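Below are two complexes that have chain A in common, paired first with chain B and then with chain C.
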Partner chain A sequence: MTIIPRRSNRVLLCLMLAGVLSWLMLDAVSMAPNRIVPGTPHRAHEVMGWWLSLLSLLPMLAIAALAWRPDTGRLRVALGLLVLLLAAMPLWLAAAVSALADPSMPQARLGIGPALWVLLFLWLLGVIELRTRLGLSRPMGWLLLVPVLLGWWLALSRWLEPLALYREYQGRSDQFISAVGHHLALVGAAVGASLVVGVSLALAMRRFPGLRRAGFGVLNFIQTIPSLALFGLLLAPLAWLAGRFDWLASLGVSGIGWAPAWLALVGYSLLPMVRNTYVALEEVDPAVIESARGMGMSRRQAFLQVRLPLALPVMLEGVRITTVQAIGLTAVAALIGAGGLGTFIFQGLGQAAMDLVLLGALPIIALALVADALLGALTERLRHGGAS
Partner chain B sequence: MIELFDVTKRFGSETAVDGISLRVEKGEFCALVGTSGCGKSTTLRMINRLIEHSEGEIHLEGQPVRSFNEESLRRRIGYAIQNTGLFPHWTVARNIGLVPRLLKWPKARILDRVEELMGLLGLPVEEFSRKYPHQLSGGQAQRVGVARALAADPDILLMDEPFGALDPITRETLQGELRDLQARLHKTIVFVTHDMDEALALADRLVVMHQGRIVQQGRPIDLLRNPVDDFVESLLGGMDRGLKEAALTRVSERMMSFGPRLLASERVSYDASLSQALSVMLWHRVDRLTVVDDEDIPIGELSLRRLLGARSS
Partner chain C sequence: MSGASHTSTLHRYLAGGWALFLTRWSVPLIWLILLLLLTFGMSHMEGVFRLVEPDTREVIYRRTSFAALLGQHLLVVGVASLLAILLGVGAAIAVTRPAGRDFQPMVAQLASIGQTFPPVAVLALAVPALGFGTLPIIVALLLYGLLPIVRNTLAGLSGIDAGVREAARGMGMTGGQILRQVELPLAAPVILAGIRTSVTINIATAAIGATVGASNLGDPIISGIVNGNTAYIVQGAVLIGLLAITIDSLFDRLQRHRPLST
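This part shows the complex of A and B:
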């Protein structure tokens, strides 16, 4: 059992206070008759009346009260309430839809307003804070997400058709699925390639120390080039190569599209990959390697059975950084026709359709978070029982 | 048996070991002592070829070490170092079984051997075999290190300041255990240390090194009595040499049968050293002690005169 000091949890108190303020003072939703006309914003009390909107503050006030004199039991209750709130948000949106719906406007769209974004953010922070305080394990943390996802799924599948974000999705669900696939494929190919090249490079640097300075110099330099500029720089040489060699062109290589995007992603991924691999291999305790050799392990055995496994957690950290970075960068790659979720962002920007932008941006954030969590869990597992 | 003939090691223009010759007999406990940088660790590592010597010959059981394959040579020699060098990602049992596994022993035999060694070094199997090195105390980790060095039952054991990083009490306990172990196993041990007390307590033979050369070697008592120069004398403790010598002799060797007088009130174990007996006398301001056995039963007495006077015996 975790020991919790009997002092008020100020983090939670502040989060809940900010939540109450944003609920009362910011716009919760906006309603637009169609995609082109900007929506009319509504505060919470305009949707459900003062009484109900004040009443709906009760859970947050209760959490604040529980955080005032916290102990394990109270914090558990607070966590439960937070999860309920997160799961209830889509249901509230559904209620807002039915309250604001106008049968004369079948194309009406409901936009999520700043109040709800802020609340979503604050509540998630609250969950993270409580998870740490209560010392919940990773799987428990994931389990907490289940009711929340269930709430959204339920609401989306039944009542939330007018939600603008959902409308944008429905209009291009096939496109969306293939964009996610494309995004992941590009990230996977880039991370995979940089893993192979990066590890080989790090090994070469260890073998030939002269290579180190030059190698890190070049990689550092690549990292400083802005991503758009790098895409641009690759345009001309790749177009030239594709024109020169037919087999490259038949593979789909050209000045724009996946080829320059992939190359640039690999370029950016190499520095964290090489640096982490190099440092990880280099920082294995020399006494351990010496004793491995002294016990009669061959160089190969000492490397494969001792140095590599001990370096693996730090190397995986490199894969994690690289993956998260590549997921973000691939969004920009849409500009040179590489496809992926970035396409929606730039389309949305072009049409001033913020919901379309969100349709691209939200999944990118989600993908990055999931990749981060999965690889983080893997690293932790490898570290477990191993090097302290 | 280990023999070094006129062995020299140079690192670039620096000479780390300068033409040393040394012979360690089978079953002998040989301690290499000296200040840091005197070449004692280098000498040790040249024996198992972690460092290749530049000149001279090193022989193992009469054969030059270079005639062996590097890895199989090392698998025949036990090796323990200061910070244990245990693999942090392996359990205790797996660490101990390392060399037998490299030698491709059958699994069951490795398992038996690991359990046998853990028993030998006072590490209960159920408690420790599944632990990882970072879950051990310094003394426990070093026991595992020694067990690992002994795993394939090598005739020769090389130990590089194995107890250097331990607190004084643990260190003394482990020294005692190593002495007992050696009394049973009769390994040929080369032991590097900068701690003269440790060397005196453990070694059959002391080899004092200074600036890459052997300054003096011989039985601990001979070095104490006749140091060749001021360096050896100061290394052996200068004015404390008398106490160090007394520390090498047991009370049982000097005690007498009971005299006509009453039993002395202060007691000392027959297994204690003369320096400890002297300390008891100093502390209680007495010149006579009753010697007792393990059950605290008086078996004789020791007088100050006897303690001092028997020096020539």
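This part shows the complex of A and C:
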């Protein structure tokens, strides 16, 4: 149980004050007649009038009031209000669409303005703060997101067709889904390969101590090289190899594409994987192994039934780091034609189509967060399971 | 560190002079020399790159000199990293003082969640917000570079044994003195490790910044990919790699012995 002091929660007060200011002073949405013309920005009060826009500040003011003299109950109510606000944002956007829509412009696009991005950020910070103060568990925190996602889904499926981000998605929904699949496949292939190679390497390092120094030296070195440079450096030799050996070329290996991307991803993934596996295996208390051996276990049994299970949480931590890192690096790999969600980012940057950039960047962030949360939860579970 | 060994370190410094300096910093120096040699000598290596791209008319990237590209790269990374160090260490100090302690859990959570964001995605998000050019890159690098520094500074400061602080207070030190003379020196290795991570990521991310209109060492790579000129790619990649390794080996030395500090 966390102890909640009876003085005001200044974090929440600050966040809500900043929220009120950004709602009143920054542009909430922008409306553009089509994809090419830049949109006209609108503040909240221009969309819904002064009265309503001031009225819509009430939830935030209420949260601030609750944070003035907080106790557990009040903070719970504040958390509920924050989640409600997050879920209401897409509904407000839908209302803005109907207020600003012009029937003569069927291709009109609604852009999300800085005020809403700032509010989204501040409210999420508020949720994080309250989750910590109330001592809510991780799964509870994720549960809080359910109504928010529901709100977005509802609004997107019914009223938010003019949302620019959604229009970009609709224009290429097939491409988008295959890009997500491609992204995940590349990440999976790289993490899988580095898991196999990394664990073998860690085992070899335990057997041959001489290999340790050199191995970690090389892996550290690879990790230092910037991704764009490593992709570039792999390009020339792979193109040469593919030109020389036909069977490689028939496998789809060439200077650009998945081959250099995959190799580089494995290279980057090896360091966290090997380091965590090695440390995890080494850190198991020798007394535990000793007693396992004393109980009549063979060397092999002691390794497989005692050392490996005890080391598993830390090894899994390595998989988590590797996966999150690979999701980000795969985005860069789009530059060398490896496909995936990064394609949208770089296409969007090339065409100065910012919503296309968002269509690539936001799912990448979401993927990284989800992978981090899932693998983190799995590690947590193994850790507690291992203790029993 | 005791006074005696302090003096002897100083003495050895003066006596050893250049020889000691060179042996201590030899690794980063060698990388630096290699980096500078290639930066200025790349244009004379047409023969080598002819082997990579035999059929192309132009094999040396000439739109901007490599020295200018290197300078731009260093400038962007330097400005962003310097600001990130100032703001990051400052923020971490602020939230560990009594006045700012309320904010500590949120800042710590933010720093750890933020690090799951891929740097490319942060860079991509900076462009819609700030437009093309060098500014969004500096801002993106600054924001992303803050995270490891804040996280490590927090870890370093909160890892200090409460007894140490207590003892310093008992000796009559003020809050500011404890911070400067006890807390920061004790946390320095962890903070330095955070700065190293931050700078390494910044060098790599700045290179990708070439796609959003900054001119730096990523330029030859992007231009090589667009025009299908492998020689350009190799030139950019080698220089960025060398730059990253030079800076990293410098940090490696700094972390091993911090001369004349503490």
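Convention: the second predicted complex is superposed on the first by the 379 of 388 C-alpha atoms of A that agree within 3 Å, B and C clash if a C-alpha of one lies under 4 Å from a C-alpha of the other, contacts with A are read in each partner's own complex, and residues count from 1 in each chain.
In this text, contacts are C-beta pairs under 8 Å (C-beta built on N, C-alpha and C of every residue); 3 or more make two chains touch, one makes a residue touch a chain.
None of the values given here were measured: they were computed from a predicted structure.
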Once the shared chain is lined up, is A:114 touching chain B (first), chain C (second), both, or neither of them?
second
Counting only touches as set out at the top, which of chain B and chain C does A:287 meet: first, second, both, neither?
first
Output check: A:310 vs chain B and chain C. Expected answer is one of first, second, both, neither. What do you get?
first
Mind working out whether A:73 is in touch with chain B, chain C, both or neither, as first, second, both or neither?
neither
Quick one: classify A:327 as touching chain B (first), chain C (second), both or neither.
second
Which superposed partner A:354 touches (first chain B, second chain C, both, neither):
second
Which superposed partner A:295 touches (first chain B, second chain C, both, neither):
first
Partner touching more residues of chain A, whether chain B or chain C
C
Both chain B and chain C touch chain A; at which residues?
none
The chain C residues in contact with chain A across the complex are 52, 102-103, 105-106, 109-110, 113, 116-121, 124-125, 127-129, 132, 200, 203-204, 207-208, 211-212, 218, 221-222, 224-225, 230, 233-234, 236-238, 240-241, 244-245, 248
Chain C contact footprint on chain A (complex, rising order)
9-11, 114, 117, 125, 128-129, 132-133, 221, 224-233, 235-236, 239, 255-256, 324, 327-329, 331-332, 335-336, 342, 345-346, 348-349, 352, 354, 357-358, 360-362, 364-365, 368-369, 372
What residues on chain B touch chain A, complex-wise?
45, 48, 50, 71-75, 79, 81-89, 98-99, 102, 132, 134, 148
Given the complex, residues on chain A that touch chain B span 285, 287-288, 290-298, 301, 306, 309-310, 385-388
